[in-house]
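Here the chain labels run A, B, C, D and E in written order, and each chain numbers its own residues starting at 1.
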Amino acid sequence: MSVDVEKKNVDPNWEPKILSFSCNWCTYAGADLAGLNRMKYPENVRVIRVPCSGRVNPQFVLRAFQKGSDGVLVCGCHPGDCHYVTGNYFTRRRFLLMQRFLEYNGIDPRRFQARWISGAEAGKFRDTVTKVSNDIKALGPNKKFQESWYKERGESNE
Amino acid sequence: MKYSYYPGCSLSSTGLEYGLSTRYVAKKIGMELHEIPDWNCCGATAAHSMNHDLALALPARNLALVEKQGLGLEIAIPCAACYSRMKYAIQAARSSEKERQKIEEIIEMPYEAKNDAICLLEAFAREDAQAAVKEKIVKSLNGLKVASYYGCLLVRPAGVTQFDDNENPQSMDNLMTLIGAKPVNWAFKTECCGASHQVDAPKVARPLIYNILRNAKANGAEAIVTACPLCMMNLDMREFEFNKAKKEFDIPVYYFTELLGMAMGADPKELGMEKHFTPAVARIKEAFKRPPEEEKPIKKAKAKVEEVKEEEKPKEAIDNE
Amino acid sequence: MVERNLTEAIAKNKANIDAIQAKSGVDLKECYQCGKCSAGCSMAAGMDLKPREVVRYLQLGLWDDVLKSNSPWICASCHTCVARCPHNVDIPSLMEAVRQEAKRQGIVPVKEVDVFTNVFIDSVKKNGKLHDLMLTGMYNMKSGHLMQDAWAGAPMLKSGKVGLRPHTVKDKEAVRRLIKNSLKRGESK
Amino acid sequence: MSDIQQELRKTARELLESGEVGYIIGWGKGRFANQTHPIFVKDPAKVDELVWDDYCLSTLAKYTQDDKYPEKKIGICVRGCDSRAVNRLIQDHQLKREDVYLIGIPCSGKLDPETNEPAKKCVECAHRNPVVYDVLLGSPVEEVPQPERFKEVEELEAMTPDERYNYWADVYDKCIRCYACRNVCPACNCRECYTDQYRVGWQGKQNNRAENQIFGITRAYHVGDRCIECGECQRVCPMGLPLMKLNRKMLKDINNLFGAYEAGLDTETKPALGHYETNDVEEFM
Amino acid sequence: MSRTGVFICHCGTNIAAVVDIAKVVEKAKSMPNVVYVEDNKYTCSEPGQQAIKDAIVKHKLDRIVIGSCSPRMHEPTFRKMLASTEINPYMLEIANLREQCSWVHTDREKATDKAIDLVRMAVAKVAKNHALFTSSIPVTKRALVVGGGIAGIQAALDIADAGYPVTLVEREPSLGGKMVMLDKTFPTMDCSACICTPKMVDAGQHPNITVMTSCEVEKVSGYIGNFEVTIRQKATYVDHSVCTGCGICELKCPSKVTSEFEQGMAQRRAIYKPFPQAVPAKPVIDAANCRKLNGKAKCGICQTQCPQGCINFEDEDKLITNTYGAIVIATGYELIDWKSIYGEYGGGQYPDVINGLQFERLVNASGPTEGHILRPSDGKEPKSVVIVKCVGSRDPNKGKGYCSRACCMYAAKHAHQVLEKIDNAQCYVFYIDVRTAGKAYEEFYTRTLEDGAIYVRGRVSKIYEEDGKLICKGEDTLSGQTVSVAADMVVLETAMVPAAGVEKVATLMTISRDNDNWLQEAHPKLRPVETHTAGVFLAGVCQGPKDIPDTVAQASASAAKVCGIFSKAELQTNPMISKVDIEKCSGCGDCAGICPYKAISMQDMEFIEHGKKITRRVSTVNSGLCQGCGACVAGCRPGAIDLLGFTNAQILEEVDALCL
């Protein structure tokens, strides 16, 4: 029983739900700066503030996909600029592996993104968010890993 | 020291002596120059002045011929204008696949921009060539004060030529010290000589030559050495022209290969040196007859003495002078 | 100097100036008019608009002045200006683009330079290599300076630097074809 | 095979009689000729229960975790994979080197009881000789290079995302969450596994595809950078899930991204996720 | 059951203009654990906060969610407000409805949905919040100032005058930095030595200041209030406690060395004071050039001549470690090495083409020429002087892209000094702009024009020597003429660049640098003297090019910040730090390896397990050192270590709330 919801006709006014983990010192500050400059970007991204991108446990990303998120974006300071000196070096290793592992397990690579966005790069935050939500809007809803898949299809193999 | 060789139109006409002296010196030091079969004119300023694609196509055909030649060598190019145009063509072909295919279409020949191009001066400035030249030197210019003139296309734009420093190049100066000449520290090493504008805009271009000669003279230059047939013709011919009106300058102009040839014992005729406008042979013959410079050898002697002293008492330090 | 109406000039010439920037790869806004290019330009003395002024006029939209100016023709493209420019403004490419655009519109402020270029290319088209005698001969005739540098003719002939017989390329046809291809492509761009 | 068994028994008797070792963990025979099971010999008289034949498959090192504070040393028979498991536990500070006496036995590979063919994990084994031991019985065997270490992973990687998802969906549908893979794995040595912390909310207990996927992926991610490739998880899985394909994928990426890496060969090389290099591969600019 | 109160802010029209507040309030009422919802025009205002306090009492709330602007803006404000209620300030979550919702979206309906999601996430998270309490850490009331220029001296004096001990570290043998090299200072033209040396002496003699010259910071660890700093006292081979500074040794020393202080235009001895008014006024030995120390000769004359016997050739570097509560960095700048960049200005082969600091030494009374402006080449007085501005500045192609701010004014000063000191001299200033953005600056520039300086607008393209004159070729862009000036001497006003070795200091203090290598301030406008590392402050040009008035202002500002820290008996620690559940911890030590602040250490602890007394290794967190980044928490597989304020449970709730 395969799940091939991906490429079928995506209804145009479907809005993806995208979760973003943003580190407080750089990306979250960059996002605020984007607000300060009244930049505009799609509404689909909800940001969870974490002290450092190093705080983001790859299991949170799995949890997001499981609970129905259509895309996950992890953002942090540029390596070398981390407020906590080495936090993002660990982030980089963890998500270099998790990104490939998600892909290996069938998640479309565009659904999980990681980006370094500094406190001054408001434009980069807007562009990243815009690109991710457009990519995922084109991909359609994500049905992989999702609990809700059961409720809809009524199937259960308990 | 093996290169493909692109002489360029000047070396069989106004730059005859540059061709002869290059052949002589190359043979002397065992530098193999494989001339590109059936090469064509690189278009120099006229081509890029008329049309951007023409400026790339003319040199590209020569580069394609080098690839057909199949020796896989770097191309040594005596004339600065040809060298600059070839470098532009190689850089353009390597910049993008689209550009390379466009060039292939125009010249109707396969071309993959495999070979690199260097100017003849760089070939001689390399370690192996300098060592070979040193061995073959039989005469010294005994401190003849020489102003080395590089012109503009050899060293600019730096992004394309990537050769020496574009404000204060030294490679020709080093070669001159090899043959006993004393390089003059002057300021017009890379000022433009006006190139073809000496013909089609003489009123504006002539002062350029005058300034170069004036600054060389002010800094005590007894000779100017160049590495480009167009600079050589402009400097040599126009100096002769100034002197015809009023004898002001006495600075013969040479190709660096001519001076190297002379230092290797060549007869001026073999190098075509008698073909210059401003008489050139006398100054070199006179320099050969000069007493070898005193102070350089003595300094060497003194250094030798000091070395001995240190060797004698290596252990306890020399007491204070 | 009549008062220049900038609103008009810029409105009228914006397209031309954008095209010239695209063709030469130069962004005029990068130049903050520091004058280092004019100061170092070897041919500046003969130019009616010095390099900085050419950029300034284009910045102000005064397109026709630049087209009519002799600077693009006098420029020896020795690259001193761009080597020293704080913002790397490629003035030689700008001059070349303006020169080719002026030629296309038939404006030739310095006839000799245009004649020299054409005679040069004709000689290459004919023999595949440059024939100096033909170059100076045809140039003197077409430019009207019949006796220019004639004094040098004799010594050159005597020393064999200039020969009657031109040096030619065996596959002259290939060179002619590539010249035709380039020029044909040139018009289309 | 039998002379090593004699030596094993002789060594075991000496160790037990000298009192240097509290007990010895080895393999013993059950009812079936083609199976063995771990046994714990305390009494020197019973050393003859220890066997060494073609079916000594299970890794013994993990059993030390049931007796973390032994009065005396624990004797363990260690083949190549067991010795790496011991290194793994030592490096994770769950076992002290001085608490164990390692009886090294070079192993040329065991047979799978069902098919009587060489076991998959032994065919793929790159370190047959023990990497650490106190005594070595018999002479080292010749190591077999493993050029196709990641072949299975590459086959999966060649598929499209949907095909891969469907492949793993079928796999996880079968998982019954018995946690055998976790219990046998020397890299899974947490005091309280995250799956047992329902109140924190990491993982549901339901046995449906989504929960199984989350468990499978999380476990592979947890052990990925420390997996010694002993293949036990796959062997003991009652539903025959290809778990090594998950672990090997992690190891393949670690090799490509951070340099050649094999876990458990010594106790110094740090696992990939425990440290970093400032010039690591940069993909998130 | 927790009783959560939700307060949605209009923020005037900033949020209300785009987000349908009423709908958010309506939806919030149905969220789990929410018992009271209210919206307010200005929640952060006095009445707004009072409304929340009243609601807490009236509805017996124990958790608060505020939908307003960014938590980075008013989280501290609302926490302070809660401190005055009986709710713990950390039972609060803020939903960012302004910077990340109303300000960045236009579609009213979608923005409102997002706002509702954000509030739902905050409500879900606050359900799992715990009361957190700050703990206090002691403050070592001693400051460290790195760099002994005017910035460092001023900061040290201000802190010392406030009664706190200061250690002033300077790597050169004397205080003074660049300012003491100058002759006059603009715009007042008062002599730099007269205003700088007295401050140096004050610093040297101040009871609270310990001056440590010829020293460099070697290692820094710890955190605000408790920095552990190791300073390397470089071997000076002279015992300053005994030396009276009589200077006999300097006279007798045989080996001459070019003096760095005199910008290479004069000589000094191997044992030397950089300049007469040095503080401390005691010589040091430059080991590289001392014949005894570099093994070239037996020498040792200074030792035999010294009446006090303070020369000791066996002296070695010493490491001194001390604890400090706050650090001020004032490492200053140096001038760009123009010689290797500008071949067109001669590339250094013409001795009479000098830079600004060399000119300052020429015109300085205690300089090599006792204040007479004489050409370095032949010592003659230059009659025509050219000053070239923006050499290396505003030149991204060859030098630096930025403007070095101070050169316009000191170029005018140099022109004024040339015209004042050399009779019937002529001075040409090649400029692109004249930036006189300071008090009495424009008047100072006008006076220089009145003195007769000729300002030519245009960069010099080439400088070359001919017939004994330095020909400067430029263009006067105002008249459109290419011009040239035959000068006797040329002064290049070169760009300021960070002092060499600033990278090491920045990495030690874990502060970052901008892409021109200047030290990165916390916020260019609002926090110019602070850095992202609490307790480390910046003063002077190390933060970016500036002139002396701004430098001194910044120095006093950073001193005020330091005194702010020292005025408290103790410092409150950040309560949102890691905490270990020793039952779940297996002692694997992964977290300790990840912590950048070495805040985690593995300890053996006694436990009773299965009736048996055992000792087991578990992880422990030092609450002072932990900065709350959470990298360890993500590295702990069983989640034994958790970050208070951002616990695994909280974040998982937030993720679930968003996706359902």
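Going forward, a residue touches a chain if its C-beta (ideal position, glycine included) is under 8 Å from a C-beta of that chain, and two chains touch if they have at least 3 such contacts.
Just so it is clear, the model here is predicted, and its values are computed rather than measured.
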Those chains which touch subunit B and also touch subunit A: E
Greatest separation from subunit D - chain, by CA centre: C
Comparison of B-C and C-E by number of C-beta pairs in contact, larger one: B-C
Rounded Å distance, subunit A centre to subunit C centre (Cα mean): 55
Approximate Å spacing (C-alpha centroids) for the pair subunit A, subunit D: 34
Distance between chain centroids, defined by C-alpha means - subunit D, subunit E (Å): 52
Separation of mean Cα positions, subunit D and subunit B [Å, integer]: 71
Multi-chain contact sites of subunit C, meaning residues that touch two or more partners: 45, 80
Two or more partner chains touched - positions in subunit E: 344, 462, 594, 635, 648, 652, 656
Per-residue multi-chain contacts in subunit D, two or more chains: 194, 202, 273
Pairs of chains satisfying the touch condition: A-D, A-E, B-C, B-E, C-E, D-E
Subunit E contact footprint on subunit D (complex, rising order): 68-69, 92-94, 189-194, 197, 200-202, 222, 270, 273-275
Footprint of subunit A on subunit E - complex, ascending: 70-73, 96, 98-101, 103-107, 110-111, 113-114, 117-118, 121, 510, 512, 532, 576, 594, 596-597, 627-631, 633-635, 643, 646, 648, 651-652, 654-656, 658-660
Interfacial residue positions of subunit E with respect to subunit B in the complex: 254, 291, 295-299, 342-344, 347, 349, 462, 464-467
Contact set on subunit A toward subunit D in their complex: 1-4, 6, 58-59, 62-63, 66, 78-80, 86, 89-90, 92-101, 103-109, 114-116, 144-147, 149-150, 156-158
Complex contact set, residues of subunit C against subunit B: 42-43, 45-46, 73-74, 76-80, 82-83, 96, 99-100, 103, 110, 112-113, 115-118, 120-121, 124, 128-130, 132, 136, 139, 143, 148-149, 151-152, 155-156, 159-163, 167, 169-171, 174-175, 177-179, 181-183, 185-186, 189
